[in-house]
Structure formats: structure tokens, C-alpha cells
Amino acid sequence: MTTEIDRPLVISAPEPRTLDLIFTPQARVALEARYRIIEADPDAIAALGDDVLSQARFIIGQPPLDHNTLERMPQLRAILNVESNLINNMPYDVLFARGIHVVTTGQVFAEPVAELGLAMALNIARGIVDADVDFRHGRELWGGDGNAKARLLSGSNVGIIGFGDLGKALNRVLSGFRTKIKVYDPWMPASILIDNGVQPATLEDVLATSDFLFVVAAVTSENEGFLGAQAFAAMRPGAAFILLSRANVVDFEALMAAVESGHIVAASDVYPQEPLSLDHPVRSLNGFLRSAHRAGALDSAFKKMGDMVLEDMDLMDRNLPPMRCKRAERETVSRMRSKPVSVN
Amino acid sequence: MTTEIDRPLVISAPEPRTLDLIFTPQARVALEARYRIIEADPDAIAALGDDVLSQARFIIGQPPLDHNTLERMPQLRAILNVESNLINNMPYDVLFARGIHVVTTGQVFAEPVAELGLAMALNIARGIVDADVDFRHGRELWGGDGNAKARLLSGSNVGIIGFGDLGKALNRVLSGFRTKIKVYDPWMPASILIDNGVQPATLEDVLATSDFLFVVAAVTSENEGFLGAQAFAAMRPGAAFILLSRANVVDFEALMAAVESGHIVAASDVYPQEPLSLDHPVRSLNGFLRSAHRAGALDSAFKKMGDMVLEDMDLMDRNLPPMRCKRAERETVSRMRSKPVSVN
Amino acid sequence: MTTEIDRPLVISAPEPRTLDLIFTPQARVALEARYRIIEADPDAIAALGDDVLSQARFIIGQPPLDHNTLERMPQLRAILNVESNLINNMPYDVLFARGIHVVTTGQVFAEPVAELGLAMALNIARGIVDADVDFRHGRELWGGDGNAKARLLSGSNVGIIGFGDLGKALNRVLSGFRTKIKVYDPWMPASILIDNGVQPATLEDVLATSDFLFVVAAVTSENEGFLGAQAFAAMRPGAAFILLSRANVVDFEALMAAVESGHIVAASDVYPQEPLSLDHPVRSLNGFLRSAHRAGALDSAFKKMGDMVLEDMDLMDRNLPPMRCKRAERETVSRMRSKPVSVN
Amino acid sequence: MTTEIDRPLVISAPEPRTLDLIFTPQARVALEARYRIIEADPDAIAALGDDVLSQARFIIGQPPLDHNTLERMPQLRAILNVESNLINNMPYDVLFARGIHVVTTGQVFAEPVAELGLAMALNIARGIVDADVDFRHGRELWGGDGNAKARLLSGSNVGIIGFGDLGKALNRVLSGFRTKIKVYDPWMPASILIDNGVQPATLEDVLATSDFLFVVAAVTSENEGFLGAQAFAAMRPGAAFILLSRANVVDFEALMAAVESGHIVAASDVYPQEPLSLDHPVRSLNGFLRSAHRAGALDSAFKKMGDMVLEDMDLMDRNLPPMRCKRAERETVSRMRSKPVSVN
């Protein structure tokens, strides 16, 4: 039997998540059986005693950490960031130099976001929301009369901007639609895109040729607001612009103007302010499908975080590198700009 | 050059379609170049002269035909029914005995219906319509707060009732979702289902185990109303019932009651009466997504009919059997019960 | 319980197959439980009494039948030809006029033939036979030294001539190789090829652009010897020609000459005479991979015939059309030229 | 135009490869245009002047490096090891601490190895080598007579031991065969296997249930000889054992004995000694298909190395992490035991 002393020590500070949010009851049992869990105030890790710090193998969460505290943690192998945006609140250079892995679990959102993205595309293609609302009010149009603007996703030209976990998940849910998919991702070698069965393309090409354009790029120090009036003007008339990652990558005013003018149609899960003011014009904008940052935050996604954490801690317990979560990288950790979430 | 006399003669009576609806301009040019087209009143085929009837190779449409008229058409090779429901207005036994093919083009609707069906499933799974309506009115819930009932299609149990063209198209658009698909289709050998990567199942099994249940069965003399209160009661709590073929296969009152009770959620493209009375209770039923028989009637689908007709006429011109359209079968022609459409 | 009198009557004359060859023990039990089996000499069907003929619902096999015998069989619904080449030994026009289905089970060979065809392509690409023979004799070349002519199938240009069951099965086993597949099949509408994810092409195009060319076309009255010296000369230098259907579609001498000259490499499962004379030059031809008509004749394939027969008889017992086997067609039955097999 | 001074400096020491082996002429031009290439004797890197070492951004190859030399290379960002086995000839701890990437290009071999592995499986399943050899000598068996031991890969149970690049490539080429694939890989989280559509399994399970078993595991300090007499005895009678990675993971004598006894059949691309002595008993062993370490070493694979190197250097030039090649990992670099190759 595993005794108290054998179990590796884990500091738990998963705010804004909670262990109950990210672990199923069974996974929680497995966690407790295999590890000694010390629940800690994320803002007071330094206040923990050396008996804890000196033995801690893993941290679940991303509490602020300073050099001194890290020096008191000689056994630390990984910080498992379950919020999944990386805040600049710890000396990453020290962590990388020491070989302490910093991993994030944002991949859990890929599948739910991709499903909502596909749903948005199909909704726009078939006018489902307005058709149902019209039906409620007795003004529905029947058969072909209601399909004046309807079109198929199958066989269409699809663009994807950003080919991380979200882009790959979109590619997968699109696999039954025989679409031609072009991808713009300057951080990704062309050959990896080709291996994934999509065509590498410039931003200009993706904008100009897509019938459905999905934006799943992370915000970085280089791409804030890179999709503006000029980009929307370059799109095909009637094309659908579907925003799933972060509002900061677009000029939101310009996006609304492009929809208002009738040039394109759009859907978005993200907004410049969240929550959004009650009088924001996007609320009444025709040709715009709204979702209130609901794409990823499914309970099943949060529970998958716990599973990923357990799998990677198991690998590291066996002196293997983590493979399930995504590792923060020296080169890019300081270039990420997504704001952390305050609610789950 | 093809002279007037060389071109095979085609009687055109495509009502309620029109040649302009089902042929693109280019296809229309090809049609006229290859065939001599005689446009005829479908109710007066017998009134056509023997110069026409004796030479007619194809009929586009399904006009009423009697024994006598057919005897006057010794060269007739096929009736290309572009409405696609088979009406009992011609002596099919004579046609079959003579080897005159009766073919239908309903397959064109498979892809648009499948896309709408998938869209309905994703809409139900993520509450997209209500979320957008709430957002318009400033009462949206953000993030996880808005996802209390949200769930994934990926990895879920899917049931499909009927595995004709619609069922196969659904299977295809579902291919990126890693669902486990069970199919009930008593007209289809189990091994064909297995070859298509789905699991053959009884109706009871499909009802009891599906998270999402798609009904795409044609109405026959044997299955009218076969999905009633008992069937809905057998479904999983919260499961989604998505009706895409014909309202007659379900007891619509029982379906509404099952949704009203909160036991299941539903979507439908078809109704007992179409158009539906303005005070029909389904118009205000929560948990029910409505579409006014818009699933198939896309312009691109109608245009595909013309392409199919041209491809099969070309095969028959070369003394090959038609392969693109679906052939009416001696065994089943009299068992079909779908009412023909009056509007496109 | 099913009594003697209830069970439909089946005349069994499956030569050159036997019931034991085509039915597993379990399937044989199912067959006997559901049907009354009368084993008959195929050359003496007319000699059967009217008690048998008048009640026969199905014939398993393709015994010679004349008008008179067929008239004595008013209940006959289908002839299930398990040899699978159609011999001209019965009045097909009468059968078609009466709606008696003539079905064949050749589809069972598609999967084994496709697997052997792929194996041949990979063998040619990697020189596997010669490498193993060299290794046996201690003259093998190691690593890259042994790969001077080696190449990948992945990403190559593939041609398929004929897109019936064999062509479709080849397309399926090739699905993991990211090949670009062009198909020449004049009996198949282009749109069906496109639906199957392959590109319709002319014979000239397929010959000129393929790195690997698979011939799976049936022999018809129109295509005997259609692949001759000119066709082989049009192929890419070093391309692989893989013959899987029938030797009669090629000019075999010209094929050998093209291989002998070093212009192409080849593999074949079929030969102008079978068995082949001991001094036939193909036996010692370098660049030619030989298989002695073994592509389809696997025990598992024969057993699948019985399963198909049972499934289709079950459909017909329920007044549904057969779907599992392939139906003979009025238009093409007389154009097929494959010689029947004498051994299994 | 890029001047001499602008181009980053690359030390080239790719032995046993050469730049000509791993770069196509076009890629070589791109390399020279973007980088200043210093070709160096791998055994004399320390002898290079500080003008070179102080500016070197990349090393192509894996020359021996000591602490002192590395200190003289402050700009070094990556060592691109194109041999692809990691030799213990440099202080990896220093490299990791400084964030200098060590990457390998072994992934180029995945596709050719997978194709040969599939070819071996199909060869074993259909007895292709012996059939061709028999045909040459006029003793071939025709049709079913030659298929006594023939079987299908389609629908069979497949086992894969090791799920790195090779395992994934095998999974891909098997995708058209409807096999049930179980994978044993103790270094890989179960959920990643499931995401790849394969079933995680224990070694015992994979051994006991596979009809075709592919071994693509790298040799580590823990798994040398882990497949021995007991493992082979646990396999299904007649199952196929296909060895593609390194001979050291098996007890080769025991493998030969298991084949000799008739319990299993086998194929191998690797051997305990390479080249193998002329009197080695595997040369005449029936039921064993031999290949002389030819699985990966295709010219097209070597050329892909250069492409990968260029893509990753481009990412690093833009301060992005390498993504195309595989990174050596702190945890595992010292556990790898594959001997480097001496010939390409």
C-alpha cells in the first residue's frame, strides 16, 4: 500500500478553476490515492513551509512564484496550468533552465469550440435562428421560398486562420464535408499543414477565396487587431466570418461595419468587453450570430483537464516528459496576449 | 453536326419543377444540343401525335400515362421523375416488363438534408437559437453559466432510422465526430450497414441508446406513425429527436407531448400539415427547433437533378443502364407513401 | 415452428461451387432452417418434377434453363449465380420481363483482389521478392544500397481502369496513402467517381500520368485487348502496370515486351491461358511479378457468398428487392465476356 | 539583397549523411541563400576559430562537442541531428539548460517504413514471394489451390508495439483496412492513443490477440530483448510478427525458433548483426520474410530531412520553436539505445 510518505506532493492552487470542476469524482479519487495534495492560497505559496516546498513535485494552477520560492522547491518538475492562458507571474527563464515543465490544458476546449464553430457555419448557411424565430411568430417561409440565401458547406472553400489545437479540431469536424481548406498560420511549417490535409496559404489568399472563414488564432504581441476593414473588404461577398478565439485579433468595429453593409455575414463567440454593455450595437445587428463566450466552457471539457493532468503527472513520475498537455515554450511564452479568464 | 433527325426525342413534363429550375444554363444548352425537347402538358401526353410518341426515348417528369399511350411509345427507355416521389399514375408493371426504367432524383436532397440535420443536432446540443435570442435582448449568460445543458456531439451515441441516401449522407457528415452510430433499417441487409461503418440495430436498441436520433425513413404502407408515445418514452432523458423525412412516420402529437414533458428535445423539418396553421402549438413549444420544410429545397440541389438526368440519359443512349438516379423497384413502388410536393 | 410446407423451396445447383464451399456451417444451418433445399444436377433442371419446379422460389447456381422450364416455375423470384460470371445459358429477356432477379456474388472477391493488388504495387515499389531471394542466397544489398529503384506509393499518382466493386475496394485500401487517383471507366458517370473521391479521366490521361496503374475492368464485347503496345508506350518510364481482372483486356505479348524493354514494370494475376504452359516466357521475365489467379479465391471470400445469398433471399422473402448481390442488367448481360471458372 | 554578413552562420557536419544526400538541388540553393555554411570536420569542431564558433546559430549534424566548445558558441540555437539516433557525445544537460534545441529528423523514415511494414504483412498473408518463385519454376498452384494459407488483412486484429512516428504512420496506411488496432506503448498516455483511433492495451493483450503484430518500438535502456520466447509463445498460432525498428528489442534466436516450429510467421528488416554472416540460419528459414535494413533508407526520405531542417531553422530564425523535427528530451535522451548507422 502507498503510505503517506511515498506519495509525491502536489500543491493545488487551480484558481479560477477548482479541483471539483476539473476532476470527475473517480479522477479525484485517483489523484488523492497517488499524490499528497496540499491545497494552497495561490497568493501565498511563499508562505508554505519548507516541509511542503522542499518536497513538492507538481503545482496544479499558476500561482505567482518568485525566484526565492522556486529555489526552495528543488524537486519541482512541472507546473500544470489549468487556467490555460499563461500569465507573466513567474520567472519562466528559471523554470526552463531547470527543466521544470510548464504545461497548459487548453486543448480540452478544442473539440467544443470546433463543434460550435461548425454549428455557426451551418447556422449562417441555412439561416436557422431566423427561421425558427419566424416560425414562432407565424411568418415562416416554406420550402424553397425560405431558402433564397441558403447554401451548402459541402464542397465549399473554407479558410482557417491559426492551426493550433482549435484549427486541427475544426479540420476534423469538417472532414465529412469535402471542403477545400486553406490555412494561414505563420507559426506553422507548410509541410505540417500539408500532412494534415490542408493547403498552406497567405492571409490574402485565405481572405479572398473562403466561403467560410474561421478565426482560431491566439492573440500574440504581433497580431492584435490584424483583421480590420481592409481584410473584411477583401473577403468574398456573402462570405461568413466566424470568430472563435479572441476578440483582440479583429477590429470589432470594422467587423460590424462589414456585416452592417451586407458585404459579409458573421458569427462570434468573443467580444471586446465581456460581459458586453446592454446597448452594444452588435446585439441588434442583422447578419451576425451571437454567442456569449460559450464555445469552450463545457463541463465535459473541464473534466478532461483533470484527466490530462493525471496522465502527464504519471509520465513525469516515470521520468518521462509530459505529452498530453501543451508545453509553454521559451520562444513564445512572452508573446502570448490572451487575457486570463475570471469566470470558468 | 447533329441534325434535327439524329437527336433522340425527349418529352418534357417536369411539373411541379421546371426545366429552368433543374438545369443550369450550361446544362440546358447541353440538353438541347443532344436531344430534341418536346415540352408537353403533363395531363395531355395522350394528346401528343404519334410522330412524337413513336419516337420518344425519354420522359422528364411523371405525367399520367395509360396502357394505350405507352403502347404508342415503342422506343421509350426511361421516365426520369424529377419530382422524386412516385405517384401511382402509370402502369408500373408494364413499364417494368418492358424494361423501361423509372428513375427518381431525390438523392440530390441528401446532402442538404444531412447538413441541416447535423446543424439541428449541434443547435440542440448547444442551445444556439435561444442563446442568440437572449443576447439580442440583453439577457445572455456568459461562459460556463450559459452551458448548463450544453453537450458535445463528438463521442456521443447516434441513432439513424433509415439508411437510404439521407442516412448515408448523415453518416458522412458525422464522420469527423467519432460518434458510435447505430442504424435501424429493416429494408437493408446488416452487412451493407457494417460495410458503411455503422452498427445494425433493432428499433428498440436505437431508441434506448441514442443521444441524438435522426429519422430519415421514407413513409411506406407499413410504417405510418410507427414512432409514437411508447417510442419517445423509451428514449434517454434529454436525448434529441431530429425528424427530417416525413411527418407521417411519427405520431406528431405524441412527439410534442414528449418534448413538452421535458423528457426529450426535438427538431423537425416536416409537419402533419404544410403550411401549418398559425395557432399550431408546436410554434411555441420550448425544446423544439422548427424548420419549415427547408431541408432539401436548395437551388443547388435542384440544379443537380438536371446533371443527374443528363448523365443517366447519356448512359442509356449508349445502351447502358442508368446509374446516377435511383430506380423504382417492382417490389417497393406500390409501398411508398410520401405525398408529392406541390411547391418546390 | 416452421414446417416442411412453410419453407420456401430452393433449387441448389451451385457448380463449380458447392454448398460447403460457400456456406459456413452456421450459415448452412440457417439456410436449411429457412428453406427446403433440393439439390439438383445443373444439367437436368428440366427433369425435376412439377412438384419441385412449381414451388421453387430461388435457384442457387446458374444451371441451363429453357423457356419451357421457366414456364413451369411460376414462383421463381431469383437466380443467385454464385459462380459470378454470367453464361448465356438461359433466356434472360424472359427473366427480366417476369421480374425474376438474376444476381451475382462476385463482390466477395473485391476485398481480396484489392489487397493483392496493393501488395503487388508495394512489392514492385520496394523490390521485395528479389530482395528476399537475394537474401536467401547471401547477395543482399543493405540499406540505401538496396534501394536504388525503391519508391513510395504514398503521394504518387495512381490510375484505376474500371470502377466496379474491385475499383472501389482498391480506392478504399489506398485511402491511407494520400495518392491522387484518376479513374477511367466509360460505363460510370463522372459524378459518381467524384462522389467516391477519385478524378474521372480519359484512358489517355490515366496511361500517361500514373505511377501505378491498376486494371480491374471486366472483359466486355467492346474492350478485348484494348490495352496494347500503344498503351504501354504511353505510360511513364518505370511505371507499374498491375493486372487484376482478366488477361483478355490486354495484349499480353505487348505487355511482356514493354516489361522486357525496361520501359515499365508489371504484375499480373491472370494469363491468356490458365494454367500456363511451362515454357511460357513470362515465367522468367524480370520486372514482372507473377500470381497464379490467386487474387480472389480465398476461403473467406467464398463463405461470404453464402452470407450474401442468405441476406438477399431474406429481402425477397419479405417482398423487397435484393440489395446485397449485384443484379444482371438487361443492357449489359449480353456484353460480358469473362469466361466462367472451372476450378474455384 | 542578403549580404554575407547578414546570413546566419551554420556549421555543417552531417556525417554519415552529406548535404547532397539530404538536400535536393533546390533546397540546397535555398540553404545557401539564407545561411553562411561552414563545412567542418565533425571531429574537429573545437578547432574552428572563434570567428566561426562565436557566430554559429545552427549545427547540422551531431559532431562531438564539449563544454568548452559550447561556451565559445553563445549564439547557438539548435543542433539539427540528421543521423537521427542520439549519441552521447555532447553535454545534453548544458544544451537543455541553455535552451539550445537538439532535434532529430528520423520522422522522414516513418512513411517508407510503414509502407514496407504493410507490404510485409500482405506478403505474409498471401504468400507472394513463394508464389512468384514457384511460378518461375513451373510449380505454381492455381486459384484456391494456391490459397490454402491465404488470409485477409481487412477486418483482422492488428497489434502495434510503439506508437511514435512509425506507429502513427502504420496506423495511417492501415486506415483503409477496417482493422481493429491495439497499441502497446508505455511511454504514451492512453488518451492520445484513443485520439488516434487505436485501442491502448497491455503487452500481454497485444501479443495474445493480434493476427498481425508490428514492432516499431525504439530500443531503450529498459526494453532490450523484451520480446522473447515467452512472448512468441503467447501469440496466436499462425500470427505474423513483423519487426521494423531494431533487432535489439527481440531475442532473435527465440524469434527464429518460434517461426521454425511453425507457431508463427515473421518478417524482419533488422538483424542482430548487420551485415549478417553468410551462414546465418535466418537466410534459409521458411516462414520468414527478409529485408536487409532497407525499410527507411529511400532517397526521397533523405531529401525530406533537408526540407525539415530548412523549415525548423526558418522558425527559429523568427524566434519560434522548432516544430517539424523531433526534439530530444531531457528525460529520455540518455535512455535511447539505438546504435547510429554507419551507412545511409
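Couple of notes before you dig in:
Note that the chains take the letters A, B, C and D in the order they are written out, and that residue 1 is the start of every chain.
In this section, a contact is a pair of C-beta atoms (placed from the backbone, for glycine too) under 8 Å apart; a residue touches a chain by one contact, two chains touch by 3 or more.
These figures come from a predicted structure and were not determined experimentally.
Path length between chain A and chain C in the touching-chain graph (shortest route): 2. The interface with the greater number of C-beta contacts, when A-D is set against C-D, is C-D. Farthest chain from chain C, judged by C-alpha centroids: A. Averaged Cα coordinates give chain A a centre that lies 33 Å from the centre of chain D. We define each chain's centre as the mean of its Cα atoms; on that basis chain C and chain D are separated by 38 Å. Taken residue by residue, chain C touches two or more other chains at no position, since every residue touches fewer.
Interchain contacts close the chains into one ring where each touches exactly two others, per the touch definition above. By the definition given earlier, chain contacts exist for A-B, A-D, B-C, C-D. Touching chain B in their complex are the following residues of chain A: 111-112, 115-116, 118-120, 122-123, 125-126, 128-129, 131-133, 135-138, 140-147, 150-154, 172-177, 274-275, 278, 283-284, 289-294, 297-300, 302, 341, 343-344. Within the complex formed with chain A, the residues of chain D that make contact are 96-99, 187-192, 307-308, 311-312, 314-316, 319-321, 323-324, 329-332.
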